[in-house]
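In the two assemblies presented below, subunit A is common to both, partnered first by subunit B and then by subunit C.
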Partner chain A sequence: MPKVKVNDIEIEVPAGTNMIEAAKLAGVEIPHYCYHPHLSIAGNCRMCMCEADSPRGPMLEIACNMQAREGLSIKTETDKVKAVRKSVMEFLLVNHPLDCPICDQSGECRLQDYYMDHGQYDSRGVDPKVGKHKRQDIGEHIVLDAERCVECSRCVRFGDEVTGTGDLRLMNRGDHTEIGMFPGTRLEHNYQGNLADICPVGALTNKEFRFQRRVWYLRETDSVCTGCSTGCNTKVCHQEGEVFRTLPRRNDDVNKSWMCDPGREVNSVVGSLTRLLRPTVDGAPVADATAVLAARIKAAGPGRTGFVLGSSASLEANWALLQVVKANCVGARVFRVAGNNAGSIVKSDDFLMDADKNPNTAGVALLADWAGNVGDAEALREADLALLVVLEDDIVSRLSGNPAEAIAYFGTHTNPTAELASIVIPVAHVVEMDATYVNRQGRVQRARRATNPQGEAIPAYQALEKLGAALGRAPGTSMPTATFAAMARTVPRLNGLDYKALGAGGRPLAPAPEPAAAPAAEAK
Partner chain B sequence: MALPKPTKTLTLSESSYLVEVLKGMVLTMGHVIKNIFDQDRFRTIEYPDVRKPMTARYRGAHRLMLRPDGGVKCVACMCCPTVCPANCITIVAGEAENDPAEKFPVSFDIDMLRCIYCGFCVEACPKDAIRMDTRIYEINAYTRQDMVHSKAYMVNLMDGLKPEAGAAYRADHAIKPHGHTPDEPPVA
Partner chain C sequence: MDFPRILSGNWDTPDSHRLAVAKSRGVYSQLPRALAMAPNDITQIVKDSGLRGRGGAGFPTGMKWSFVPPAEKRQGKSVYLLCNADESEPGTFKDRYCLWLDPHLLFEGMAIASRALDCHVGYIYIRGEFRYIARRLEEALAEAYAAGLLGKNILGSGHDFDLYVHVGAGAYICGEETALISSLEGEKGQPKLKPPFPAVEGAWRSPTIVNNVETLAVVPWLIQHGAAAYKALGTEKSPGTKLFSVSGHVRRPGVYEIPLGIPMMQFINEYAGGLLPGRTLKAVIPGGSSVPVMTPAEVAICSMDYESINTNAGSYLGSGGMIVMDDTTDLVAALTNLLRFYAHESCGQCTPCREGCGWMHQILCRVRDGEASEVDLGTLRDLADNIHSKTICFFGASAAMPVQSFLTKFRSEFLDRVQRRGVGAA
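Right after this comes the complex of A and B.
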C-alpha cells in the first residue's frame, strides 16, 4: 500500500484512496461540498483545494480529485490554501440569501460551519443578490430553494447514479445557474429523503421535518431501521423522548449512505395513537398481566400451549422466549410464521426495500435452527392449542385467522392480533431499548436505546423475564448486554460476538455449518 | 464554629449604649425636622401615584415587534429559546403560506416567572422581533398561567414607545394610566 503524507503525517492507505478520505484517516479534515464518498467526483465546489508537491514545486489541486499514490504529499493548512478557501467561501456566498433564521439546515449547514472555520471575511458585495426560485414543491418529501444552492451537483449525481431517475438538473449559466426540475415533472422515486441529507446547504430540505425542530436541540442515537429486512443503519434524532427524524448512517456493507423514504417514517409511530400502552387482560387494564399469563399457561398445560417467535422482535426477545419455554414449559410447541404484519411498508424494490418487512427474519431463522423443532405456519394451523403466546408478529394477519382458542400478545402497536388477544402486554419499540437484529445479509446489527418506553411498555426481553419468573424459572434476560453475551456463548454462529464487538456497523454471522456434512457421512 | 473576635474594644460611652441611642435619635429627629420644612428632599415615592424614572437601559417586560404590513417580525428561528439561560421561552413554529418569510411562530410564550430579564433573547434576535424596552416592571398575576405572556399579549405591548405606553398591559392590570412613558420623565 502506498505511503502518502498529509501535513507531514505519513500514513499508509490503499492505492487509489481519495485524498479527502486519506486525510480523514490521518486526522486532518479537508472542507468540501461537492465530494461525497458514494457519488462520482465532480470537483466543482473547489473547497477542498490543497497544496500538493509536484516536480514544479507545490501546486494547488483539489483533494477530491487526487488519488493516493506512493510519495504523494499534500498540505492543507498553508497560507495559500487558507487564502483560497476564504476566496471560495466568498464566491459561494456572493448570492446566498440570509435565510439562516428560517432555514432548516442551519445548525448542520456546511456554509455556516465553513464560514466560521475558513471564511470570516467582510462582505464586499455592492450589487443586489441574484434572486432565484424559492420554496418549490418538487416532490412528496422535498422542498427546493434554488437561492440557497451552491451548485455542488450532489443531488444531480444522486439522481443519475443512485436512483437512475436523472430528475434534477443544473440550468442556465454563470450566477444565474440554478438547480431545478424539468417542467411538469416531480420526484417520483422512493429515496427522496437522501437528497435533503446529501445537500450540504439548505437548498433541499425535508418536508416532514420542515420547521419541526432546530437541529441543535436533537440528540442522535445509533439505531437500525426496522422497516424491512435490509436493516439500514440509522441515526434516530430525538429530543426529550420524542423522535423527530431518522437519518441514514453510513455503513458501506449495508446501505452505504442511503435509506428509503418509508424507512424514515418507521420511527414516527413511536408515540402514535395506535401504540399499546397498558397491559390488559380480556380488555381490562391490569397491573401485572404476566402473572395472569403465567397462570393461564399453567392452566392450559404445556401440551396445549404454543409460542410464536417474532421476526419483528429483537434477537434478545426471541432468545428470552426460547429460554422461558425451555425452562418452564417443556413440551410446549414453538412456531414461526413467515409473512408481513398488517400496516407494514407496502413498497419494495431491488435496491434497499426488501419485500420481507421483518427486521429479524434471519435472526429468528438462526435461533430456530439452533433450538430445533420449530413449526411453521402450516403446523400452527393444524395444532390444537388452548393458548398461543405471540411475540410482536401479527400472526392473525399472516395466517388470515386465529389459530388458537386464546392469544397472549407481546407487541408495540395495535393490530388484528392485538385486537383478538385476550392478554396484551405492551413492549418497547426499537428506539426505546438496546437490541440486536440480523438483516437479510446475515449481519448482526445493534440498535441503541434513544428514548424511554411509552406508557407501561418495557423491552420484550424484560417482559419475558417477568413471565419466566412468574412461571417459576426466570431466563435471566433483564439486561440486554448479558442476554446477548449468554446467547453468543450458546449459539455457535454467534460465538465470539458481544455488544462491543458489534460496534457501530455490526458484524456478519459466522457461516452456517455445511448441510453437506450429513450426506458425506452417509457416503462413508 | 468559633465566633470571630471583636476587632474593636468599646469605649465606656459606647458600651453604656445610652449615648449611642441618643445620637441615633438626634439623627432621626434631624431628618424629621428637615423633611417637615423642606419637602422637596423627600426620598419616598408615592407609588403607584408617582413612578420612579427608569434609566434608559432598564429592560422590563418583553414585547414583540410587527412588520410594516402588520405581521409579526419573528420567524421562529429559535435563537432566543436557545440562548435563554432560564429556559423560559417556548415557540411553536409553523409554515406561513403566501408569506415570503415562510416561517412564523404559531405560539410564542414567555414564562415571566422563570425569566431573569437578562436580555439575551433581545441580543440573539436576528430580526429585531423581540425587544425589552417597555420598562414595564409591574409584572404580576393571580395565577401561574397568567404569568405566561403570550404572542398576542406581547404584540399588544407594541405601543410601548407611544405616550399610551403599555395600554393593554395596564388595562389588564387595572393600573391607572398616569405612569411614566419610557421616553418621558415621570408625571407626578
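Right after this comes the complex of A and C.
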C-alpha cells in the first residue's frame, strides 16, 4: 500500500484512495460540497483545493480528483489553501439568499459550517443577487429551492448513477445556472429522501421534515431500519421522546449512504393511533397480562400451547421466547411463519427494497435451525391447540382457518392478529429499545434505544422475562447485553460475536454449515 | 516578403471549395503518399516540424499525437480525431476562412492525421453560428466521398476514415476540448475533469485527439515539404506560418498569413494597413479576447511569435485574433463588454467562474457608469485573482486575464472613472 502525506502526517492507504478519504484517515478534514463517497467525481465546487507537491513545486489541486499514490504529499492548511477556501465561500454566498431563519438546513448546512470555519469575511456583495425559482414541488417528498443551491450536482449524479432516473439537471449557464426538472416531470422513484440528505445546503428539503423542528434540538441515535429485510443502517433523530425523522447512516456493506422512502416512514408509526399502549385481557385493560397468560398456558395443559417466533421481532425477543418454552413448557410446540408480508403493500426492487418486509427473517431462521423442531405455517394450520402465543408478527391473514381457540399477542401495533387475540401485551418499537436483527445478508446489526416506549409497552424480551417468571423459570433476558452474550455462547453461528463489538455497522454471521442455506443478497 | 502561403494559398482562386478546383491547386496530392507511409513516420514529421496547436494554447501537435496509447494498450477502443471548428474567441475569425475557402485542405489534413493516429472516425465540430459553412462542408464532404478520398478504403490503400460534420449549438465553452467532447457526446457542453486527458480517455471514453482547423490544415504541407522546410520559416520556438485575424481600429482588418516572428508593428502597418489617419495606438489584444492586453510600448518591442509576446508583454499569441484599439477607445467600456461575454458564456460548473464572472461584470458596469468607488476596483482585482486557475478548465483564467491586465496596464483610466463618479456614463 502506498504511503502518502497529509500535512506531513504519513499514512498508508490502499492505492487509488481518494485523497479526501485519505486525509480523513489521517485525521484531517478537507471541506467539500460536490464530493460524495458514493457518487462519481465532479470536481466543480473547488472547495477541496489543496497544495500538492509536484516537480514544479506546490500546485493547487482539488483533493477529490487526486488518488493516493506512493509519495503523494498534500498540504491542506497553507495560506494559499485558506485563501482559496475563503474566496470559494465568498463566491458561493454572493448570490445566496438570506433564508437561514426560515431554512430547514440551518444547523446542518455546509454553507453555514464552512463560513464559520473558512469564510468569516465582511461581505463585498453590493450588487443585486441573482434570483431563481423557489419552493418548487418536484416530487412526493421533495421541495426544491434553486436559489439556495450551490450547483454541486450531487443530486444530478444521484439521479444518473444511483436511481438511473436522470431526472434532475443543471439548466442554463453562468450565475443563472440552476437545478431543475424537465417540464412536466416529477421525481418518480422511491429514494427521493436521499436527495435532501446529500444536498449540502437547503436547496432540496424533505417535505415531511420541513418546518417540523430545528435540527440543533434533535438528538441522533444509531438504529437499523425494520421496514424490510435489508436492514439499512439509520440515524433516528428525536427530541423529548418524539421521533422527527430517520436518516440513512453510511454502511458500505449494506446500504452505502442510502435508504428508501418507505423506510423513512417507519418512524412515523412509532406514536401512531394504531399503537398498542396497554395490556388487555378479553378487551379489558389489566395491570399484568403476562400473569394471566401464564395462568392460561398452565390451564391449557402440556402440549396444548403453541408459540410463534416473530420475524419482525428482535433476535433477543425470539431467543427469550425459545428460552421461556424450553424452561417452562415441556411439550409445547414452536412455529415460524416465514416470508410473512401481512398488511404491507409489497414494493421491492433490485436495490434496497426487499420483498420480505420483515427485518429479522434470517435471525428467526438462525434460531429455528439451532433450536430444531420448529414447525412452519403448514404445521401450524394443522396443529390442535388451545392457545397460540404470537410474537409481533401478524400471522392471521396467512393462516386459513383458526389454528387455536385463543391467541395471546405480543405486538407494537393493532392488526388482524391483535384484534383476534384475547390477550394483548404491548411491546416496544425498534426505536424504543436496544436490540439486534439479522438482515438478508446474514449481518447481525444493532439498534439502539432512542426514546422511551409508548404507553405501558416494554421491550418484548422483557415482557417474555416476566412471562417466564410467572410460569416459574425466568429466562434471564431482561438485559440485551447479557442476552446477546448467552446467544453468542450457545448458538454456533453467533459464536465469537460480542454485543459491543458489533459496533455501528454490525458483523456478518458465521457461514451456515450447509452451503446455500441462507440466501444472501448483496447491497448494490 | 517571400514565403509560402501554406494555409491561404488557394483562397484567392475562384471556387476553391470545389473538389476539382482544389485538386488543380494540389490539394489531396499528398494523401496517397501519406497513406503509403508508416503511421509513426507521419507523426515524426509533425513532431520534427515543431508545429504548435493553432487553437490558442500552442501545444506541440506531434507530442499530442504521441500521447495516444498504442493499439495493444487501447483494449480494443477506437481512436477519434476531432477537428475543433468551434471558433468563438472574440477577435478570432481565421478558421472560418479555412473552412469556407479551402475545406478540402482540411479534409486531406485530417485523412493524413487519421493514418498517423490509426483512427477511422473523425468529426468536424463546428459552432452553431457557422451553419452556412457547415452546409458547404457537407457538400465538399459528399464530393470527397464520391471521389474515394474519404470513407472506406481510401484510394485503395486499405485505410478507412469516415468524417462527419457535427454542428454545435453555439457556445464559446465548446471550443474547450473536453467541453467539445461532452457536447459531441450529446451532453451539456461542459468541460470534464483532467486527468484523464482526452488523448487517453476522451470521446466515449476512447483515445481522442482534438486539433484546431488551422493545425490540421498544415499537415499536407508538412508531408510534401518536410519538417525542415517548415522549421525554416518562423522562429526557433515558433516555426512556420500562422493566420492572424486583425480587427479594430486598423485600415485593413482581415485575415493574414505570415511567417511567425515578424515585428508586431510591422504586421500592423504593412498587413493591416496601419492605424486610421490621425489616430494613435492605445492598446492591442494580441491573441483573442482572453489574453492579457498590451500597451503601445510592449507592442513596439514584440514580434509575432509565441515566445516574444510572452516574454516581453506577459501575454500570449493565443489564437492569433488581434484586436487593435486606438486613442478613441474607452477601455473601461471595452473591458465591460468583454466581461458581458464571459459572464454569459461561463458554463456554470465551477464555483469561482460561475459566480465570479457575473459579479465582475456587475462591478464593471458600475465602474463604466461612474457608480463605483476605488474599493470596487480592489474587489474586481481580487475576484479576477480568485478565479484565475481555480477552475476545471481555462475559461476562468480567460475571463480573469483581461481584467487583471486592463486594471494593471491601464489603471489610470479606471481610477479616473471612479474618481469622477457620475461622470462619463456610456
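Worth a mention:
Going forward, the second predicted complex is superposed on the first by the 504 of 524 C-alpha atoms of A that agree within 3 Å, B and C clash if a C-alpha of one lies under 4 Å from a C-alpha of the other, contacts with A are read in each partner's own complex, and residues count from 1 in each chain.
What we mean here is this: a residue touches a chain if its C-beta (ideal position, glycine included) is under 8 Å from a C-beta of that chain, and two chains touch if they have at least 3 such contacts.
From a predicted model like this one, the values you see are computed outputs, not experimental measurements.
If you put the two complexes together on subunit A, you find that subunit B and subunit C both fit without a clash. Of the two partner chains, subunit B is the only one touched by A:101; subunit C is not. After overlaying the two complexes on the shared chain, residue contacts for A:127 are found with subunit C alone; subunit B is out of touch. In the superposed pair of complexes, A:422 makes contact with neither subunit B nor subunit C.
Shared-chain residue A:136: touches no atom of subunit B or subunit C.
Angle at the C-alpha centre of subunit A formed with the centres of subunit B and subunit C, after superposition on chain A: 90°, rounded to the nearest 10.
Of the two partner chains placed by superposition, only subunit C is touched by A:88; subunit B is not. Using the contact criterion defined above for the overlaid structures, shared-chain residue A:73 touches neither subunit B nor subunit C, since it reaches no partner.
Between subunit B and subunit C, it is C that contacts the larger number of residues in subunit A.
Think of it this way: put the two complexes on top of each other by chain A, and the tightest Cα contact between subunit B and subunit C is 24 Å. Applying the stated touch rule to the two superposed structures, the subunit B and subunit C interfaces on subunit A have no residue in common.
By the touch criterion stated above, subunit A contacts subunit C in their complex at residues 41-47, 49, 60, 65, 83-84, 87-88, 90-92, 94-95, 124-125, 127-128, 130, 150-151, 169-170, 172-177.
If you check the complex, the residues on subunit C that touch subunit A are 171, 188, 193, 195, 343-352, 354-359, 362-363, 366, 379, 382, 386, 389-392. Across the complex, subunit B meets subunit A through its residues 75-79, 82, 93-95, 100-103, 126-127. Looking at the complex, you find that subunit A touches subunit B at residues 100-102, 106, 134-135, 210-212, 214, 216-217.
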